[in-house]
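A single structure is presented below for examination.
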């Protein structure tokens, strides 16, 4: 279920200072960032699939999904890509970064629902937060997580201390070192999706495109969490627009129904 | 409450408007999808992002940030796809039947003319010359703070286009003089004002927040400055003015109209609103009540009413 | 928490200050009682209301009003009892042992010099030349927006006084150039900035609110503009600067210091605070924490830190 | 008891639009002004002795004590003096004025206390509000109200619908047409002030000066409500300062202990 946006935007759209508590590599090319608000009065509550824009001073502003929240502590999982993420990985514990958010709309199952989750690569990032919320909502999640090489895996249950109930995870890797060998999109072919209240996929655009082709046309409750270029995160700069749609990813997303982003995903192959 | 369509109608530089409220340039406005989204807000006209002759990359983010004082600070760097996008924007606006004003930018007269011709050839409704961006080197205020430059750019554009030319001026010492020069050179209307040059420093990292260091301040903080400029310019020339800067409620819009504006642009408040549609309709409802309160039958009668003291 | 007196010490134009926080001119400051009250706030120095040679009546009220955007709008009209009050102010400040900076106003060099001499003869700590009031005809910004005028006024005053001369400049197109001229002419420090020319209209009565119509905008709305000016001027001249405009928390003050200010003035926030004493001590405590956070032992080390990028 | 000032000052220091509901002469040279907030969300609660600055557009800004509050309606009692009050008297019902406030500190008895109130002329203005509050606080007020000529009297009980309990009023006039003949300050001479928890006087400075000389030196709980030139009402312009004191009338007043304003009252005779 797509959630509403928060009320007062001024604090959400400002960079609030957060202190880096941890910033460590946890898998190949993948980092865990833990930050804590420097302002004891700072109050926010992120929802699953909200994201935050992380300001790496003088370098970039990078959108990252909230991986977990614990009071004033925010957790992010990120993959090294270009200058921004690499510079982020160099930030030292104890130093400050600026954080804008929560941005976008949250997304979560309804009470007692059962959802199928398909994550590709770092697409796993928002899932710990989703599990946390599912536990609260008495919902069930079956997660398929696919990566290219199994060194990309890390143990979300252990990192975030998630109890092993109400959710299952099947690991899929192209190097055949996990539960299933191949693409995650192939791994779910055998699953009876009809027994779920909804399904959501998050990962590379190619994967989402295939996913929506297979499941999005016949089923209403098929969602994807997209990526576009996010600059401002505030609905102003227009860089995150969805092709042939009025929607902006940073305001209305990142989660959309497959039907809303058909044209956008088409473009992905180009 | 249903809006009284007749009371809210206005016109600006010969453009008929359903009501006085349009968006400010730079809030979306350079793709077909943007135009569509803006139209859904219920605005009476759409102003594009400032378009330069060729595609222009903006600055690296951070490009826009909210400030503690309730305003925004931005240095986007006039990022836009170049004049080639104009055809698509006009087409989209025509489909949904809303007037489209092309905001035009350039580093010199030739560049302004080049984009203006493209706008005219595609039958855009009007042109707004951005002579006022306070933070993009070589553009905007670097041209617009000198009344003589304002004159020559407006003159160059007005003499090659038949669609109305609106000059958008920013805060500067001689803004009243610049306004006069723009009118003299053929501008049919004036948009007043753009953002005000400002900056923000993050005290935890000791770094300027914007990648460009300097940016433009917008939103409620600049509203009383903008009202002052509108009032001064109207007083001097009784010209057609679009008030811009910090409008976030009907009161702000009414202040602009009382100061002399026939139309009003909203930028920052659209981004800070939870629901831009509601924002627009609340402002319009407030304005309508306000007109009734004073017994004005049409917006026109309220324009410049604060000068009758 | 007790303040670390050593860490907060600073100096400006040769004046030793217990900490960086003084009041902005125009908040009380023209009677003995005012000086006493200001001193009770815990400020490190007191700046008087701008004093002109002879008593000057201000405008009829409304002279000051709060705005929806969190700022104040004022046009007091430089009301003051004239230079004869200086002796009493200095005497009071000496009694309570706080440095007193006489804000000096005038319509021409002679008037500035006249008041400056009075200040010097009464052994005031320093002089702040108000070259920046945006709304009093013949005074302030009408002089201060032209760098050559700034030069001649500062020169005239600096050449007849031995106490430090600080030039207070307002927002104008050439403020950086004016700052350079002021320094060249002998100013030992710069106060940046004054209020920004603005106005407010009451939409229920359709009347400008201030009797003077135009006034100066102060408070949080102008802070990012002021930080920008401080940053630009510091970058150019590395001069001694007092940051002024919209400080209402330690973060605002720290931003000024990081931008290049060695001291900070607070005006509007003093009036909006429920308890000015608490405001001052909260800002100072915040600043002290901030210095510690960055490992700075004294304010001086933090000055201009945002330029080290 | 002097009351604390309110919290957020921005709305208090702005001119909020009020519609004139009534503006009628009720005694010689004396008007009753009733206004109502034009903003249905506007919320404020004035206390006795708070005052408001009334903006008479393009003419003046005039401090007037709150005479009574009834929800969104504010009541003022004012005497014609100069241009400002005369122009105010010409404002038509239905038109708007701007109002800044509540300003100053409130003042009221403590629960179940008994107070003596001495009002001179239009000094009666804040008293209806004080009575209203006294009724709520179960306090008792004995009021002496003196005027020069008895045409200045008006019936506050009737105007504000005050129940005739818990307070008494003795009318004093120099034209000998009332309960007591002479100056109000003489009328109270026979009163045993020691039976009151406190006494407060409001009226012309000369009267307050005499009052403080007589009662202020020996008794702690002796107060006066002063007038000075109030321009901004915000503690900025300094016009309302109290001689040889750190206090400002608009912030700390208008009610002071006699001991706090000795020098100020001395100046009154000059």
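Labels for the chains are A, B, C and D, by order of writing; each one numbers its residues from 1.
By definition in this document, a residue touches a chain if its C-beta (ideal position, glycine included) is under 8 Å from a C-beta of that chain, and two chains touch if they have at least 3 such contacts.
Since we're looking at a predicted model, the values are computed, not measured.
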| item | value |
| --- | --- |
| Chains touching both chain A and chain C | B |
| Centre-to-centre distance between chain B and chain A (centres being mean Cα positions), rounded to whole Å | 36 |
| Averaged-CA centre spacing for the pair chain D and chain B, given as whole angstrom | 49 |
| Separation of chain A from chain D, taking each centre as the mean of its C-alpha atoms, in whole Å | 63 |
| Touching two or more other chains - residue numbers and ranges from chain D | 58 |
| Two or more partner chains touched - positions in chain B | 67-68, 70, 203-204, 207, 309 |
| Touch-based graph of the chains, sorted into line, ring, star, complete or other | line |
| Chain-chain contacts as defined at top | A-B, B-C, C-D |
| Interfacial residue positions of chain A with respect to chain B in the complex | 5, 7, 9-15, 17, 38, 53, 55, 57-61, 95-98, 100, 231-232, 234-238, 241-248 |
| Touching residues on chain B, where the partner in the complex is chain C | 67-71, 73, 145, 172-174, 196-201, 203-204, 206-208, 213-214, 217, 220-225, 227-228, 231, 246, 249, 251-252, 254-255, 258-259, 290, 293-294, 305-306, 308-309 |
| In the complex, chain C residues that touch chain D | 26-34, 36-37, 40, 49, 58, 60-68, 70, 72, 74, 76, 79, 202-205, 207, 209, 211, 271-272, 274 |
